[in-house]
Amino acid sequence: MTDIAHLGPIELLTPKPAETLDFFHQLMGMEIEGEENGSVYLRGWGDYQRYSLKLTESPSSGLGYAGLRAWSPEALERRVAAIEARGLGEGWYDGARGRGPSYRFRDPDGHRFELYYEVDRYEAPEHLRPVVRNQPQRYIPRGCAVSRFDHLNVLANDVRANREFAQEALDYRLYERIELDDGSEAGAWLSATIAAHELIYTQDHHRRSGRLHHLAFWVDTREECLRAGDIFVDAGIEIEFAPSRHAVARGFFVYVIEPGGNRIEVTNGGYLVYDPDHPTVTWTQAERGRGQYWGNPTVETFHTYGTPPVEGDEH
Amino acid sequence: MTDIAHLGPIELLTPKPAETLDFFHQLMGMEIEGEENGSVYLRGWGDYQRYSLKLTESPSSGLGYAGLRAWSPEALERRVAAIEARGLGEGWYDGARGRGPSYRFRDPDGHRFELYYEVDRYEAPEHLRPVVRNQPQRYIPRGCAVSRFDHLNVLANDVRANREFAQEALDYRLYERIELDDGSEAGAWLSATIAAHELIYTQDHHRRSGRLHHLAFWVDTREECLRAGDIFVDAGIEIEFAPSRHAVARGFFVYVIEPGGNRIEVTNGGYLVYDPDHPTVTWTQAERGRGQYWGNPTVETFHTYGTPPVEGDEH
Amino acid sequence: MTDIAHLGPIELLTPKPAETLDFFHQLMGMEIEGEENGSVYLRGWGDYQRYSLKLTESPSSGLGYAGLRAWSPEALERRVAAIEARGLGEGWYDGARGRGPSYRFRDPDGHRFELYYEVDRYEAPEHLRPVVRNQPQRYIPRGCAVSRFDHLNVLANDVRANREFAQEALDYRLYERIELDDGSEAGAWLSATIAAHELIYTQDHHRRSGRLHHLAFWVDTREECLRAGDIFVDAGIEIEFAPSRHAVARGFFVYVIEPGGNRIEVTNGGYLVYDPDHPTVTWTQAERGRGQYWGNPTVETFHTYGTPPVEGDEH
Amino acid sequence: MTDIAHLGPIELLTPKPAETLDFFHQLMGMEIEGEENGSVYLRGWGDYQRYSLKLTESPSSGLGYAGLRAWSPEALERRVAAIEARGLGEGWYDGARGRGPSYRFRDPDGHRFELYYEVDRYEAPEHLRPVVRNQPQRYIPRGCAVSRFDHLNVLANDVRANREFAQEALDYRLYERIELDDGSEAGAWLSATIAAHELIYTQDHHRRSGRLHHLAFWVDTREECLRAGDIFVDAGIEIEFAPSRHAVARGFFVYVIEPGGNRIEVTNGGYLVYDPDHPTVTWTQAERGRGQYWGNPTVETFHTYGTPPVEGDEH
């Protein structure tokens, strides 16, 4: 039970805004909720907020900021105090589309976050009104038709320090981690709910800071991850990591590089953590070396590439 | 091993051509191959011919004609002779889009067929060219994205007579049938290949002739039949028979009524008949009364409704 | 964020203990964790506790008790105080297999619950040790191979009173409910987490008390619900409600009657509630009359049958 | 339209008969139809013949023989004459379990075949009798529960010569092939029906003869291929090629090495060839280099390993 309700919306930066928008609208199948100041706001049919993704043109790719909704006004206050105590706060901001005041801060690695509580719930216009009323929006069968934003994976120079910040200042729970033979932490899977992962930190191979590994969007079946693979092939999108199953968190995935250069995942699966005292699962270097769930190897660039890209590190 | 390669294309009649076209293009996800003399020609991404469906405006719904491709020029000759010997032939015709001379005939119940051998193979234009060259066309993720025409079910006043005609004059094989306690035949599942059914005759409840029960289009997984159900709900299309599994032929299905009134199926599953001497499976009235594969009841209108509709028999 | 971690284990009563055990072991694919005092303890491969199901012989079918794990020792104290304040407590008990002291109570309708915090985590024996260490147990491909207990649906004479008790005394959240035209409440879907439902109250058609509607066990894909249907057909198990999709909670299901007479569900799907202020979805009588997700009708006995059964109400 | 009905049964050789039997019975989920002269005969629930697999102890792994059922007595005679004309016949044999006289021959690469027409159709004993009568046997939910034998891939020193033999002497149709830049043929996919492949020849990397690449067994959904991957991981079976999708023939797969050393596939998908004049799809060396359907690389040993194994070529 934590003070955080969930991550999102996410601002994603792209040097190719038209192509990136086309990717999310036509291929991921998201709806355009609106445009404002040059940014485009998109949503999955299952997102309860007005939008879960904000696309912004930028000289380079990468993460703009990650929204973070607090569980309650009191939870918001507690988290702001905890962040300020660590000297990472940047103050309040009140102009974000569709939500109330947001508290801006950076994690130790420099990724920008915006913490808020008040938010608009989505009201579907007539042509997107669903038949069943427990669904925020009509299901639109275009492209992958992703349901909603699912999780964020950022790279960090010091995974342990950022993971501890997420636990202590942000009240996240730690479900899984990888500890290498030299004692360093290669990855940490954190969650504010019973979902197996919501915020992930993995080691930045190039020792840069503030970089993005990937954004993941949810589909309701793993069949839809396979179908996403088929869609991307015929649409000419680069599949970096073909549909398969992770050992860590046991999620099903397909990873592509969207036209702006960011790594995007279509995901399903994983498991729910009902144990309130879930002992963190720590994977050893040898276990990580075994590869993915079925023993297949991890694609090399998956360990090195991030956005903004480092010169010479091609995906 | 028969003289028939396969059924198709199918001409479908509709009193609401614009809405019916929208259904097949937007919701079934078929491509428009062309328009000619007021008819629209459509194809699934997996159809090897230029089109598998021809939509034609008409005062009423129902079947225009069913195309039938012969296995070879010699097979075509043999079948024409067999049809002529039964006095059901109507002569040659040479104006069909994308194929050579067709021999027109009617089955004993009056359904129109066009038998041919020469045909154009589909050549995808640049924007529909697939990445893998064993696929006729790029996969377009719009709506159900059906792959190809699969099978045709027509109603008949005398199932046995029509089934025997299909076996003897058309060289079809009979894989399954239903025989009622009074000795009458309620349904017959015929195929020219190892697929479990391609041409189906079932009893016309209203004793009319020449009517259509349904056209079925193939998807590669039964998950896509479930997803088709979801798509149709939010698109406001009437689902007559929710996704489930047949006992006969063991196929997975969802049946809807397209805006023009015709019953359309999205299907997957079934089985392949590798036995050259496959003994026909005969179901009794009691077995049919057990319902579908999982024992669930058959929707009432499924036994009565056909197109063109009979006054007072609503779907 | 609630004081309850999750429901379970569940004690299920059966007049045919050998057949019921065979059903859960061979067909549901659960492991026998142990036997004690004539009861048998079973688990799914994904259950983190030692067992999630206790089978006990009894003259009739129905619910023995529902376990309820508190989030923490403090949460346990708070809930006990709230229950005692309502006069529904029955005192502490310390003999349950694999867990610490339990507080026994009944909901207003008379269903027995056991609330506890301390519990043994499952330690797989050698032959059941998994390859990936974030999985509690090896996956055993026998029968449906259900992963874990998912949710409990009990019948109540007064749904509203029991639902309010669950919210106020047990700290559950209410995600969906059905309100009939006469103002009465026909069903309430409650959860202690982001899962769409964990505890469900629906109207007892026969105005009895303390009865069970069904227990649901989770599988990771809706394909496995379809496969469960196939398994049950060939195993001669009565399928009451063939695989389909609910409108309420949008879950995928198949319902069977186990040999002891209790209704059991194999389930997947639904949605996650990330909104901390999720507005309860209230369905009207007309909306409920629309049927299931795809518009298909609800099986009649689903509204009437419960265990222990009422004379003359056959499933 | 060919003279061959289908491939099978297959005799598989194993140096570890008990472990191999356990693999096929417990993990593949096949039934033991009988034992005779030290060999064990197995079947999938969907096989119409009594058995599709014969396991025989041998000093090494590999193919014993491949059965081949002719379409008719006349077809059998025609094929025997064509084989004899090429000097590859070895004469008639009349002792095979459950079938009539078989004509033994070898393909140019030395693989043994047994061609026959007369065969026993499977009659399920009481405990394996299915509920739906169009299914040869009850579905038993044990392990992968494969339905039936699907296809055979053998290695050849000279793919072209063997492929031409299959077309000319055996009457197979050629649907796809790979032609390298030097003009040599790296693989050929042949079929006697509309199924995309039944008999495959691929280049023997070690220039040996008579070796086996793999046997494939069918499951009805690609979800079951994924599940097979999960089953094999926890059963400690070596997965050589994790679940994915081929570009050639577009089939879904998972490949494992059974305890006796033979490569076994669990498969679904592919496509049906309705075109009687299907133009052979020829893949270039560059296209083959693109990898599998989603662009993922082919596992190295997949190109080199076969049985019996060559010293130093480990899987």
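Which chain is which? They are A, B, C and D, in the order written, and residues in each are numbered from 1.
By our rule, a residue touches a chain if its C-beta (ideal position, glycine included) is under 8 Å from a C-beta of that chain, and two chains touch if they have at least 3 such contacts.
Keep in mind that what you see is a predicted model, and the values were worked out from it rather than measured.
Among the remaining chains, those touching chain A and also chain D are B, C. In terms of C-beta pairs in contact, A-C outnumbers the other of A-C and C-D.
Over half of the residue numbers at the chain B-chain C interface are used by both copies of the sequence.
Centroids of chain C and chain D (each the mean of its C-alpha atoms) stand 45 Å apart.
Centre-to-centre separation of chain A and chain C, using mean CA positions: 32 Å.
Shared contact sites, meaning residues of chain A that touch two or more other chains, fall at 132, 221-223, 230, 233, 293. Taken together, the touching pairs cover every possible pairing of the chains.
Listed in rising order, the residues of chain A touching chain C in the complex are 1-2, 5-6, 46, 48, 69, 71-72, 121, 132-135, 175-176, 193-195, 220-223, 247-250, 269, 271-272, 274-276, 278-279, 281, 283, 287, 293. Contacts from chain C toward chain B in the complex involve residues 222-223, 226, 229-230, 232-233, 238-239, 242-245, 254, 292-296. Residues 27, 29, 130-132, 138-144, 221, 223-224, 227, 230-231, 233-234, 236 of chain D touch chain C in their complex.
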